[in-house]
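Paired with subunit B in one complex and with subunit C in the other, subunit A is shared by the two complexes that follow.
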Partner chain A sequence: MESLVAGDLRINVDDTTDPQAIRLHWLGMSTDRQPEKVLGPFFAALLQAVADQPRVLELHFEKIERFNSSTILSIIQLIQAARNRNTPMVVIYDPTRKWQRLSFDALRIFDKRDGLFELRPMEAA
Partner chain B sequence: MSQPEMLEEQIRELRAQLDAKTRIATRAMATYQQRALQMEEHAAELRAANEEIRRVNARLSETLQTLEERDRRITSDLEQARRFQQRILPSLPASKQARAAVLYRPAELVGGDVYDVWERSRGVFRFFLADATGHGVQAALRTMLLKAEYDRVKLEALTPEQALVSLNARIAAAYPGLEMQCTATCFDLITAGDGAARVRYATAAHPPLLVLHGSEVRSIYQPGPFIGVVPEIELQAVELEVAPGDRLLAYSDGLEDQLNASGDEFGIERVTAAVRDRSLALEDAVARLVSEWETFLGANRPDDDATLIAVEHLG
Partner chain C sequence: MSTALCLEVELQPEWDNVTRASEAVALLALGSYGDGDLRDALAMVSGELLENAIKYASPQTLVKLAIRESASAIVVEVTNAIVGNEEIQRLADQLAWLASHQDPAEAWAAALAQVTTERRERGGLGILRIANEGGSRIDYAVPSPGVLTVRASMSKAPANE
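This part shows the complex of A and B:
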């Protein structure tokens, strides 16, 4: 799986360090007005890549500088698509950064303690 | 050699020279004629090229006129959309118990923020602010739908959290594709008429409510889900007492997140510093904030819509 570079956003894909997980490290900024045009196909390819493997998707946002509300919409779509495919997913974020706390607190609704989605503050990662 | 023979020899030489010069002149004439012909051809080509350039220029001019006309129409439509959007925003209450002032700055002609102010009953004011996903026309259309949906639910909802929960249920049911996802905050200022008042506040993934009490700034934050993502949500309200003179600030993230040319963020401290100055009436304090915000941004265009609702409890 190739990493993604789109404008100021970079998502590094690490699928070798941990055989149990595919790690996506989000870097830079996601401020495109229509990030779904790039993220949609990327996430679709990602879900396809893990379709036949019992691997967790780990999304690391600790180092991303900022993203806009359109980006969080794409992330929600990924969470929903992963859940529909029974693909477990973990989101790791930095709660000490106000904008991250605000954005990711809003995703807590998807954390149903069923092993399919976990929202993990950085300290506990 | 006799003299006649010498003369004949000279004549032969002169003729030979004349022949040679005639040949040179003839060749030169032929070359000249050839060049003249070529120049004639080039001139014809240039005339044809000029004609083509004239035709292309004419086409470009027509295209430019068409584009300018389209641009005028789009700008005119956007101006109309802006007027529509302004029209759905309420006038602010004029009351002895509370006053409000608003900063509303879409990043473009129209934007994705929308608010409402409503005196539910005598001395009870409800404030609502939502920030729809995206910017520009598509976000503005969302705000119109959001406002229409909110106007339907607000009459029935006894509390701010009920208003947001009902709004969410309507949005999630009517627009299941997440296209109406937004953050929102809603709070009631409930005045008792004797100077006492309390605030009941609920939020759905929206930035905190700020309470300015004297020189103190309290940030009231409650985690909450987005509006329009799942059909059923639960929200916890927060209640707090406020005193006369206290100011409440609800804002969208575009207000504090704007960057200037140096990459510095405007930040919420600048907002509170401007609005907590009690020597200025609330409206004047917000006007000063607008001025400071614009000065801070300088030539940088805002990349997000910015809204602030400032409320003062008068007593």
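This part shows the complex of A and C:
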């Protein structure tokens, strides 16, 4: 699967390191007015890829500089779409960065203890 | 030695200016506060306020961004021309939602939960994010007819976490 570059945002796709997971490394900034226009088709392709070959989706936000609230909506849509397809997802963030801690902590509402969504603070180096 | 942050700029209501301005704020904050949480918060607050202004501002008018620092707080202020009272009502509704919850974190989580059930319009998260993640108190004023100023004030003291 191809990585995504859209404006100041880059999402590097790593589907080779771990045969059990597709890792998305978010970099740069996601500040588009309508991020769903770019992220929607990308996420659809991603979900198709894991439908063809079941794997865990790992979303790595540790290195992203910034995103806007519209991007959070797109991420939530992906979480819901993955759950609807029984695709396990893990969101990894950097708890030492206050903005990430406060933004991502709220996503715990999607952790239904069914193994389909996990919020994971990055381990200290 | 840190220097007080002070910025006042007028922008064309173009989306690309949101990123440019918030990057400029991040750069200025880097000089005043270093590469930390306050810099991240200022850039986010500026970006979200400008996004709202550009989404809802009267077209063909400038949007003003001002940042002022006092001994205890930093105030980010965005002023724009508006058409009618729709934007003021939207803002008042968001602030009422915020006030109806125990704290900004609870309001933020509740709003995200509503998004998933389609009971909430897609917009409106920016103000809640400013309160939660930016640790800011938000208010607004109508300094003259057809003009809206939205202010986010963040304490310089370490916030409760």
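Convention: the second predicted complex is superposed on the first by the 123 of 125 C-alpha atoms of A that agree within 3 Å, B and C clash if a C-alpha of one lies under 4 Å from a C-alpha of the other, contacts with A are read in each partner's own complex, and residues count from 1 in each chain.
As a convention for this text, a residue touches a chain if its C-beta (ideal position, glycine included) is under 8 Å from a C-beta of that chain, and two chains touch if they have at least 3 such contacts.
As the structure is a computational prediction, the values presented were derived from the model and not from experiment.
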item: Touching partner for A:Met29 - first (subunit B), second (subunit C), both, neither; value: second
item: Subunit A: partner with more touched residues, subunit B or subunit C; value: C
item: Which superposed partner A:Leu73 touches (first subunit B, second subunit C, both, neither); value: both
item: First (subunit B), second (subunit C), both or neither touched by A:Asp8; value: second
item: First, second, both or neither for A:Arg97, with subunit B first and subunit C second; value: second
item: On subunit A, the residue positions that both subunit B and subunit C contact, one per complex; value: 31, 33, 66, 68-70, 72-73, 76, 99, 102-103, 105-109
item: Interface residues, subunit B side, partner subunit A - complex; value: 131, 133-136, 178, 181, 183, 204-205, 207, 223-226, 229-230, 233, 253, 257, 303-304
item: Subunit C - residues contacting subunit A, complex; value: 15, 18-19, 22, 37, 40-41, 43-44, 47-48, 51, 55, 105, 108-109, 112-113, 115-116, 122, 125-126, 129, 132-133, 161
item: Touch list for subunit A against partner subunit C, complex; value: 8, 29, 31-33, 66, 68-70, 72-73, 76, 80, 97-99, 101-103, 105-110
item: Subunit A residues within the subunit B interface of the complex; value: 31, 33, 66, 68-70, 72-73, 76-77, 99, 102-103, 105-109
